[in-house]
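Each in structure tokens, the structures are laid out below.
Across the two complexes that follow, chain A remains constant while its partner is chain B and subsequently chain C.
Right, the complex of A and B next:
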């Protein structure tokens, strides 16, 4: 349950974008406001994670290492769909053994399928979605995404939509989230982008 | 039963959230009906987490072979895990026996798979519908432990079974041809989920005849 971790993601025309807040906190204390919660899994995949702090380091790392091993053994990286299903399978196997509380958003770009976004719950339910959000921030942001998202968003429009989301969180969510990390994955790979300035 | 902490609205909400049934965590509705030489199964398409809807394209009814459909309600992660386990068992049977598993055998397999986990169950209540011997409708529903019940008219599962039972009881007629069965089933599901805030957001109806499977997606109230 990624309550305080706000993860937002959606697909655009030929890219997928993920945004995550920068707060690392426990109870009332914020340890850091420039935490990077979006992990790069391989050249064309990003994973935003939220939930238990320790599990959010350990579980994605385990997935990344196994995906790297697959790529080394087989000479080809997993597709985004395959990676999502692999992660869901591992999470569901661990669900009744050593469950880790990690909510995930997997964004990837495949030559065949284009950009895609997979929403993974900490209980290992998975859906391929166009737009998604985790955490309390999601309560504020889901309806904005419903209203303003389109399938053919350009990167500039996507960043504007994210600013709209961040403004809503800033105004209405009681937890202060001054910094957000935004990363984009497209045909050329993964890159960090800056927030849109007015 | 409110604890002292739950005297405020926020406290009551927290207590409700803490004691919410695991079967209602995601929300779903499935109905299966028997017609003349055909069966049909319909489900809603909501993917939600507690009171929040995350997506509206979730598949809850799966075709296991030419003569069997299985629809699942309950916890979404277990729905997805069980779909994979059912498909594995069904395919392994096909490879070993060189014939498809008939719906009755499939339902028995599902039942014993669920009961294997008697003291730590999968939180899923499946409905199996199929055609035995080519065109004899077969319906079976079970609870999360695998207790089967067989009917020859309709079977419902999900969060809003009371509403679905009422509609099916009044609208269902025996020996309907596939097109009319589709109409009746669609109306039952669309109206039934209107009374449930955890199911709905679209519907999909599958009609299985000896000739094949027809799937229709329905537009419903998106609330």
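Right, the complex of A and C next:
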């Protein structure tokens, strides 16, 4: 809701990719420019979060602990679809109980279904999407994603598309976002990737 | 001799037994046989319907087989009233999971939840255990087709083929003999079920109105629970008769 966190995500050929800016700021003051806003939920799930600083720690942590408990009890982790529905349900219940302002992009890889991306926002909406973005920065890139995303992007093409998005943000968004964290999830799990260099 | 340890369900006997649980299993051994056979492409559930009186109006829906969710079905043996409670709980569990996670509950999880309920009655409250054993047949994307059996103690196991209710010992030994390969196709599983049911049934000849048979299969990627109607059941009986005749010849 605050909008200052820029989250971008989309699916590729056999992976899903998330990018998040590195700014931690309040009003005119920048506390840090190397924040990692993409949390690893389990071996094959990534969660990018944006919104209220404290909620962005508490809510995903609560979800992760419950998901770990489920996996321990049942011997198998939740699928990405199940995790998204679970989180949405919790956010929905909290909607009229407490103020929790966290926008999320959930990227996961399941053996049966391949890569998937889920858009969740602080009002507990949830949508499975091929491409999505949160925040003011997100507004600038939605049309770029519409124009350039294809169903079976390779990782190199995905990184190029992200550079295209970052360039637009740099040019047109008044807040400086020098650093972006990029993470990929595929059949082998989760890894951090470096930005494409020309 | 150890009668004084009978009436309280929640205490052990000196030999380390829970008499009430054992008595519950005794009650089940008087109920109509139910058996399940796991195939590579489905699961078969078959049950004998014991009719205690000619005056009985035939039930509109089976009193032995129930659908729990679209991907799980079960057959019961024991006190029907107890079974109804457990079936209802199973259905609630399945829907709650679907509501929370947006996908079908894994079969083993469902079985575990029900067994946790059954176990409560052996440890808390001073209430008697459920006099029902259940066979669960289902499919999920984690383990594919599965067959489980649970009993009043709250224990459960996964099976390739098993039987509960009257004559279960004979039926189980017959299943052990006949289930030879690591896995069998559905057609063979159906034949095996009929064969065992024929041998263990009370009636001298089996007719479609005396038993229920159902399958859990995958059709176009979706799980389907099919209860055979009279014609289809009769067809199975005819096939079994032909097989045994050719085997004897």
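Criterion: the second predicted complex is superposed on the first by the 197 of 198 C-alpha atoms of A that agree within 3 Å, B and C clash if a C-alpha of one lies under 4 Å from a C-alpha of the other, contacts with A are read in each partner's own complex, and residues count from 1 in each chain.
In this text, contacts are C-beta pairs under 8 Å (C-beta built on N, C-alpha and C of every residue); 3 or more make two chains touch, one makes a residue touch a chain.
Since the structure is predicted, the reported quantities are computational estimates derived from the model, not experimental observations.
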Superposition on chain A - do chain B and chain C clash or fit: fit
Degrees between the directions from chain A toward chain B and toward chain C, using C-alpha centres, nearest 10: 70
Partner chain(s) touched by A:66 [first = chain B, second = chain C, both, neither]: neither
Chain B versus chain C as contact partner of A:96, first or second or both or neither: first
Chain B versus chain C as contact partner of A:139, first or second or both or neither: first
Touched partner set for A:33, first chain B, second chain C, both or neither: neither
If touched residues of chain A are counted for chain B and for chain C, the larger one: B
Touching partner for A:125 - first (chain B), second (chain C), both, neither: first
Minimum C-alpha spacing, chains overlaid - chain B and chain C, in Å: 6
Set intersection of chain A contacts, chain C complex versus chain B complex: none
In the complex, chain A residues that touch chain B: 88, 91-92, 95-96, 119, 121, 123-129, 132, 138-139, 142
Residues of chain B touching chain A in the complex: 25-26, 47, 49, 52-55, 57-58, 75-77, 79-81, 120
Interfacial residue positions of chain C with respect to chain A in the complex: 99-103, 106, 108-109, 141-142
Touch list for chain A against partner chain C, complex: 74, 76, 78-79, 81-82, 84-86, 89, 112
